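Structure below; questions to follow.
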Amino acid sequence: MSVQTQLERVAPITTPRARRRSSTRFLLGGGALLGVLAILAIAAPLLAPHDPEAVVVREVLGAPSFDHPFGSDVLGRDVLSRVLYGLRVSLLVSVSAVLVSTIIAVPLGLLAGYFGRWVDTTISRTLDMILVLPAMLLAITFIAILGPGSAVAALAIAVIYLPILARVMRSSTLIVTRNEFVVGARARGAGHLRVIVSHVAPNAMGPVIVQASVLSAFALQLEAGLSFLGLGTQPPTPSLGGMLSDGRDVLVQAPWVEIFPGLAIVVAVLAFTFLGEGLRRAFDPKGVAE
Amino acid sequence: MTSRLAFVARRVLLTIPVLFVMSIVVFLIIRLVPGDPVRTMLGFRATDANVAEVRHQLGLDQDILTQYLNWAGALFRGDLGSDIVSHAPLSELLAQRLPVTFELTGLAIVLAVAIGVPLGIRAATGGRWVKRLTEGFVVFGISIPDFWLGIMLVLLFTGTLAILPPSGYVPFADDPVNNLRYMILPVLTLAVGEAAYILRTTRSALTGVLDRPFITFLRAKGLSTRRIVSGHALRNAAPAIVTVIGIQIGVLLGGAIIIETLFALPGVGRLVVTAITQRNYPAVQAGVLAIAVTFIVVSLITDILVGALDPRVSDGKST
Amino acid sequence: MSPDDRIEVPADVLQFTDVSVTFATDDASPVGPAVDGVTLALRRGEIFGIVGESGSGKSTLANAVMGLLPGTATVTGSILVNGREVVGQDDAQLRSMRGDEVSMIFQDASASLDPTWPVGDQIAETIRAHRLIDRREAKARATALMTEVGIPDAADRYGDAPHRLSGGQRQRIVIAAALANDPQLLIADEPTTALDVTIQAQVLELIDRLRTVHGTTVLLISHDLGVIAQVCDRVGVMYGGVLLEVATARELFRAPKHPYTRALLAANPAGAPRGTRLPVIPAAWSIESLSEAELLAQAKEAER
């Protein structure tokens, strides 16, 4: 019976208004969540109740209390303060990595999509080489060469997402370039650069912004994973992944050491995912972004 | 049938440049290390003679082309060099460790498919509540970092319930029951996220197919809904699903690196992580190579399978 | 079933009585019915054409017979197929009718076939969906049908995927699949619109020939007066969901009663003298120029 419902829905009746309403809900939800997280991260020095790196022996593995709402860790450090500072590092690394990647990918995708032929082949095939290795393995390879650290992790993440972002930009450029107003602009004698900058780029940006938001969620998880392995952000700087690694041996006695940093990652990932979904419904109805 | 063969042959040939690029990446790992890699590797207490000897051993004192040719030649003979720390041949080390990684990722993908595909079918054809529940599972599976999920599972199964070991490993051949007991949590941890992706793909591919006109004609022919979904819609959605499963195996191999470390499984991923912290470059190379080759072979199999499932692909009619 | 239960030679294969179809929309704005009070009976063995512009409700009417309307549609009135009510039937009952007693073919044959299945199997499965026969027998019957609809070397083509056949051949496969169980009624919704003109004529001839051989009644839906003129015995003209006029094809083309039919006929480019401007449907009748309500009022008035 339930199978029937789908089959009978020959044409989905969604009005543009309904679509706009659902996209606004995701955009507001994701945006607000992300805004709160960003404020928490930026204002961490003001908000953190304790010094995140201060070792207090008598507080070792203290349960959550009024003074330490998230408890304290193996070295007696305040988990809440460390989560706030860790969020700062995680957001900084993942957002800057995706931002750098987008800034490089946009012109590459524009060129490939606009000029096609050998320009496209050269750019696309070169970027494809990055996809030879799975993302995590490539990140690890980078770190194997350049040594561990947040900056290297950010660089690795930026490189990994370059082919994905460039491919999305290329596809949306291809679609926009076929439009009449672009053909018209060329026919009126506008140069390539002018056409790309003032006609193609503004209209082709939607999907890549969507993709960047979605990838930020993955970047966040990747950064946390690398730090968990001890290959990302290095101690004593607090990082969410690093905290999860530190508390592994005391998991059963002091679960708060593991629960709160993990929840922080999940909330941040959800914020980016919702934002990406809202942006997708608003700016990428054709589903060019992956 | 000959066009099928040609398609397979073409796809196999395409992996050659991919393997070549991959080999260069792996080859360069040690050579791109800033400063003197051998010095970094051996630490500052090593004597100059010692450094020179290891450099010669690794062939790093020759010109780069000769280095690559020698290295690639040795690779073809199955010679991956030896571990800097234990001095054991790396090919032996991989032979011990690959089965662990294969068991982990293999079981995880089987479990992920077993959860993701049926739920995806329900999600595409079910009522509103089925759709909401499956969507919840997708968001949950995608947003939770796998290693944190693993930690939470350990907390539940070894902390609260105390029914499973938190970490460790015994080879399957020695003790199959305990091997599987050790594997349950890591496999479950890896499978949940992958199942979410497979569910999402199955749902969207199937929804797309069910909106196509030929489904209406099948209904007009008097076929039952069950028959339309299982005989036609799934068959048409299969290439998209198989493609994503192939891609997800790559993600899974990456995820295994973290999960092996978390659950102390002696697989290739853990080998690589340990080797990086010990600056044991030959072992890093061997591990990266093993995972990368696995990934390339899986992609090859996936593409051939997709070609077999969709007659238009092997006829070269669509991409 | 005892012999007494049988209805004595049901005169009409298909009978509509005051059939209306409305679609629910999610923003609750009132929309007029897509089909409005259609009453019509098809005689056994005839080809009945329904002509109208897009949006006139002709396809909705056809889909209502098959029970293939989306869940948002509400059908009122009565549709009798061989004297049996279709409106309000559950899916299992409709399914046993579809592809057996009544078949339907659609506009784009390329899109009507499953791209991953061999074409022959797509005919055979219609048979196996309704008859208890084994695979081999179904295959033999499907091959024979392929030959009958004019596929050369049917046995060799049986295993081909749809994309290896031409557009016209694919439409023939669709017709073969629709006729596999010797249905008494075939509904053809714009069956030739997606085809080249020469192939169009061949497919229409095929439908006409199969109707003669098998005694199938055909409900042919088209916006193309040329197609209607070529094969139909009787014609109904639909406009804004209302059936305006029913006449034999000969009558309709010679002496159309309804002003809309006259406008429609006049707009047929084939009838226009060379060198003159092509005639168009007067603006008063153009669907774009009218609001839904005006349109209905006009159609209703014309009906009276």
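For clarity, chains are labelled A, B and C in written order, and residue numbers in each chain start from 1.
Definition applied: contacts are C-beta pairs under 8 Å (C-beta built on N, C-alpha and C of every residue); 3 or more make two chains touch, one makes a residue touch a chain.
Since the model is a prediction, treat every value here as computed from it, not as a measurement.
Asker: What is the chain whose Cα centroid lies farthest from the Cα centroid of chain A?
Answerer: For chain A, the chain whose C-alpha mean is farthest off is C.
Asker: State the pair with the higher C-beta contact count; candidates are A-B and B-C.
Answerer: Answer to which pair has more contacts is A-B.
Asker: Indicate the whole-number Å distance between the mean C-alpha point of chain B and the mean C-alpha point of chain C.
Answerer: Chain centres of chain B and chain C, defined by C-alpha means, are spaced 52 Å apart.
Asker: For chain A and chain B, let me know how many angstrom lie between their CA-based centres, rounded off.
Answerer: 22
Asker: Residues of chain B touching 2+ other chains?
Answerer: 216, 219, 225
Asker: Spell out, as numbers or ranges, the residues of chain A touching 2 or more other chains.
Answerer: Answer for chain A, listing residues that touch two or more other chains: 4-5, 10.
Asker: Counting only residues that touch at least two other chains, what does the list for chain C look like?
Answerer: In chain C, 68, 91 touch at least two other chains.
Asker: Can you tell me which positions in chain B touch chain C when the two form their complex?
Answerer: Listed in rising order, the residues of chain B that touch chain C are 212-214, 216-225, 227, 231-232, 235-236, 309-312, 315, 317.
Asker: Mind pulling up the chain C residues that touch chain B in the complex?
Answerer: Touching chain B from chain C are residues 66, 68, 91, 95-100, 103-106, 108, 111-117, 125-126, 129-130, 161, 163-164, 174, 177-178.
Asker: Residue numbers of chain A touching chain B in their complex, please.
Answerer: Within the complex, chain A touches chain B at residues 2-7, 10, 12, 129, 132-137, 140-141, 143-148, 217, 221, 224-225, 228-231, 244, 248, 251-252, 255, 258-259, 262, 265-266, 269-270, 273.
Asker: In the complex formed with chain A, which residues of chain B make contact?
Answerer: 18, 21-22, 25, 28-29, 32-34, 124-127, 130, 139, 142-145, 147-148, 151-152, 154-155, 158-159, 166, 207, 210-211, 215-216, 219, 225-226, 228-229, 250-251, 253-255, 257-258, 261-262, 272-273, 275-277, 281, 284, 288, 291-292, 295-296
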